[in-house]
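Below you'll find the structure I mean.
Chain IDs A, B and C follow the sequence of writing; residue 1 opens each chain.
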Amino acid sequence: MKTNDGQNQVQSLLEKKYQNGFLSRGEKVIPVLLFLMAAVSVVTTIGIVLTLIVETFTFFKQISIAEFLTKKDWYPFSKTDASYGVLPLLVGTLKITLIASITAVPIGLAVAIYLSEYASERVRKLMKPILEVLAGVPTIVYGFFALTFVTPLLRAIFPSLEMFNAVSPGIVVGMMIIPMIVSLSEDALSSVPDSVRQGALALGATKWEMTWRVAFPAALSGIMASIVLAISRAIGETMIVSIAGGSTPTASLDLTTSLQTMTSYIVQVSTGDAGFGTTIYYSIYAVGFTLFLFTLAMNMLAQRISRRFREEY
Amino acid sequence: MENVQKNIHTDEMINKIPVRLLKNKIYKGLFLLAALFTFILLVVLLARIFSQGASHLSWDFLQNFASRRPEQAGIKAAVIGTLWMMAVVVPVSLLLGVGTAVYLEEYAGKNRMTRFIQMNISNLAGVPSVVFGLLGLTLFVRVLFLGNSILAAGLTMSLLILPVIIVASQEAIRAVPKELREAAYGLGATKWQMILRVVLPSAIAGILTGSILAFSRAIGETAPLVVIGIPAFVAFLPKSVFDSFTALPMQIYNWTSRPQEEFHFLAAAGIIVLLVILILMNSVAVWIRNRYENKY
Amino acid sequence: MALVAFKTKEKKINEQAPVERQTVYSTKKCNLWYGNHHALKNINLDMKEREVTAIIGPSGCGKSTYIKTLNRMVDLVPNVKTSGAIEYRGRNIFSKDFHVEELRTRVGMVFQKPNPFPKSIFENIAFGLRIHGIKNKKLIHETVEKSLRQAAIWDEVKDRLHDSAYGLSGGQQQRLCIARSLALEPDVLLMDEPTSALDPVSTLKVEELIQDLKEKYSIIIVTHNMQQASRISDKTAFFLNGEVVEYDDTYTIFNNPRDHRTEDYITGRFG
């Protein structure tokens, strides 16, 4: 029945087409229109890059690039002795990213291996929605969870931990990126042909040996790409760190004290009352540009790794 | 064939099997534990939020505006504001996203331009949302003088979720069987007629499923709103897209960042409202997916 | 029929050297179900060591299922149920204390399509030894060379042992997979249509290889190619609809079958 309907539709369209010839003009306009829509995403990228470059340039007219890159203090709010060395923000981002990776990579890979190599179809059907929900929880919710649950819990165990610290938001950022690692790594694992798995099992390999020596190495580049992407997401994560990480820019590697990341600095300025046109206002673009470069580099790296992966089969 | 003598001792290998099996079991246990961890994480997360926020959920909470006194504070402006914002996001991102996908799948040649657009889209998907906020702040708020309005926020969010919608729509369009297209062409349909009457109706389920997930991301995103300068304390309802407004995640963020615990409970209640909206949207997505899954 | 004459000659060669051979596999009243589908029905078969046993039959007759049951690869299919017994050298392979890992160490398998690991040629062969905890480098090197020589592929790959196995041709990959199984010096070699994905020249090479290998290994081979069965096997079992219709000397099956269904099949009336 369905195909019949489709045919009738097409036929009635045909008649219409013969009756008024303007449709053929539409045929020429529409591709142009659609191309313009596709161009929006390119324009968006150009817009992002242009915005960041122009405003960062304005910032560097007031603060030298050398100061931004080499000074070791970030005190933009100081009335008398403002200092714009980005290092503390980089260290803050690094600390969060590191803790997040340490949390998420082992757990994410373990779940991915469990789902692709060990779990029965039923368990897989049960786990998939759980991961989807975890991936769909807004980061503001994770931030709330970090501040009101994970931090008090950790402080009960380690009393020396400050109210704002790197560990709690780091762990929670890790939780947030677990679903991403699982889903992309599992895709990589399941693209390893089953016949190769059977070859290993037929030689008397246990499932673990088959996974560790055959499936995992074969999927390695896809898995690496998933980790790089997840780390890139951790670098750009904003709300969890803003809520639970504090706002003290510090180059110290201490994980127990309040810190500030590139993203949480942008939030701090945005929620404060630094007026349009001030040095502080432009500084968020310089920081945003730095952040953008980092995540862009990570994403291109991930694409390069996974392209190599696709060539293998 | 040369006569080879055994240089491998099968029995020795066999003796090692129990140890190897034990190792396998230990690893399997660890992996299972990791899977259980994600499950427990979700349960704890939800249980925690519901136990904190459920008692603050009430009709008043949904009906009241923001207030400095926690017992009078409500979420009305935030919910209505989010709806207003989505009224901008849904048409804009859907039109641009599906249009781009149709262009890339049906019209674009396999040339450098297409590859460039495609690469650009996947890179755009990896840009942190806070950076989109900076774009919105400059482009919409300052250059186009939209201020911290619904339109500025909605357009920023539309650009943010655009890559997700494009990719989902591309996949859905790619899944439309060749025979359907050929049948349409065979009857003399033009390309655009074929796309409008054959491809899009067949792909609509996939497009909607992916788009709804993207919309839920837009509803929950906070960072771009913060950067654009969306206020959290709003005691009126917007009348047009050019009005200032607040959104659910902004309200939650505001309550969360207050030191008094009472406001944390309000934040939890706000999160429940947010999650309920997201769950409803996801259920619709799942429903659409299941309904159309066995179509071909 | 020239073909029959050729077979007869071969049969005589086998008869010239009568040896006392022990049973490696003894299948007793074996049934297998995939869910509700009864795939193997009451199979009773005895297979002798250092012989080539061919299993023939039309597609869907259960021949592939049967050979995968012999090393329990069939376990990988969800919802598989079995009954009866298959004894490997007197031990029931379905019993709990017979680990599949042990069974598969003693019984190697070659698959329909070559399935080398995405590793170097060397590592493909060394894999079996490594998983079994053999770390002695000299032993590994010796075994890799020996297995590749046995599989008659050494000369073709000896200069590129550390290149990816995916660079080999299909026929080379299949002989590599045979070498991979031989590295563990198995007792039995199961071959599931090993030449179905190969060109005629590679097929011939693999068939010659099987002839060589049977001096040391018991070989059970599933094939859809009746000439192949008649050329290389000593015994032939004809499967139909999950049952063994006839099992006898290959010569008898092809020249003097007892069952008319066997005759119909080998003369090409169906299948």
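Please note the rule applied: a contact is a pair of C-beta atoms (placed from the backbone, for glycine too) under 8 Å apart; a residue touches a chain by one contact, two chains touch by 3 or more.
None of the values given here were measured: they were computed from a predicted structure.
**Q** Compare the CA centroid of chain A with every other chain's and tell me the farthest one.
**A** Greatest centre separation from chain A goes to chain C.
**Q** Counting C-beta pairs in contact, which chain pair has more, B-C or A-C?
**A** Between B-C and A-C, the larger count of C-beta pairs in contact belongs to A-C.
**Q** Nearest whole angstrom, what separates the Cα centre of chain A from the Cα centre of chain B?
**A** From the centre of chain A to the centre of chain B is 13 Å.
**Q** Measuring centre to centre with CA averages, how many angstrom lie between chain B and chain C?
**A** 52
**Q** Using mean C-alpha positions as chain centres, tell me how far chain A is from chain C in Å, no decimals.
**A** About 50 Å separates the centre of chain A from that of chain C.
**Q** Which residues belonging to chain C are in contact with no fewer than two other chains?
**A** Counting only residues that touch two or more other chains, chain C contributes 101-102, 105, 131-132, 184.
**Q** Identify all positions of chain A at which a residue touches two or more other chains, and write them in rising order.
**A** 204, 206, 209, in rising order.
**Q** Going by the contact rule already set, what residues in chain B reach two or more other chains?
**A** Within chain B, residues 13, 17, 20-21 contact more than one other chain.
**Q** In their complex, what parts of chain B are in touch with chain C?
**A** The contact residues of chain B facing chain C are 1-2, 4, 6-8, 10, 13-14, 16-18, 20-21.
**Q** Help me check something: in the complex, which residues belonging to chain A touch chain B?
**A** Answer in residue numbers: 3, 6-7, 9-11, 13-14, 17, 23-24, 26-27, 30-31, 33-35, 37-42, 44-45, 47-48, 51-52, 55, 106-107, 110-111, 113-115, 118-119, 123, 127, 130-134, 136-141, 143-145, 147-149, 175, 178-179, 182, 204, 206-209, 229, 232-233, 235-239, 242-243, 263, 266-267, 270-271, 276, 284-285, 288, 291-292, 295-296, 298-300, 302-303.
**Q** Could you pull out which chain B residues touch chain A in their complex?
**A** Within the complex, chain B contacts chain A at residues 13, 17, 20-21, 23-24, 27-28, 30-35, 37-39, 41-42, 44-45, 48-49, 52, 95-96, 99-100, 102-104, 107-108, 116-117, 119-124, 126-135, 137-139, 142, 159, 162-163, 166, 180, 183-184, 187-193, 197-198, 213, 216-217, 219-223, 226-229, 249, 252-253, 256-257, 264, 267-268, 271, 274-275, 278, 282.
**Q** With touch defined as at the start, can you tell me which chain C residues reach chain B in the complex?
**A** 99, 101-102, 105-106, 129, 131-134, 139, 142-143, 146, 149-150, 183-185, 187, 212-213, 215-216
**Q** Enumerate the contact residues on chain C facing chain A in the complex.
**A** Within the complex, chain C touches chain A at residues 71, 73, 76, 78, 100-105, 108-109, 111, 113, 115-119, 127-128, 130-132, 166, 177, 180-181, 184.
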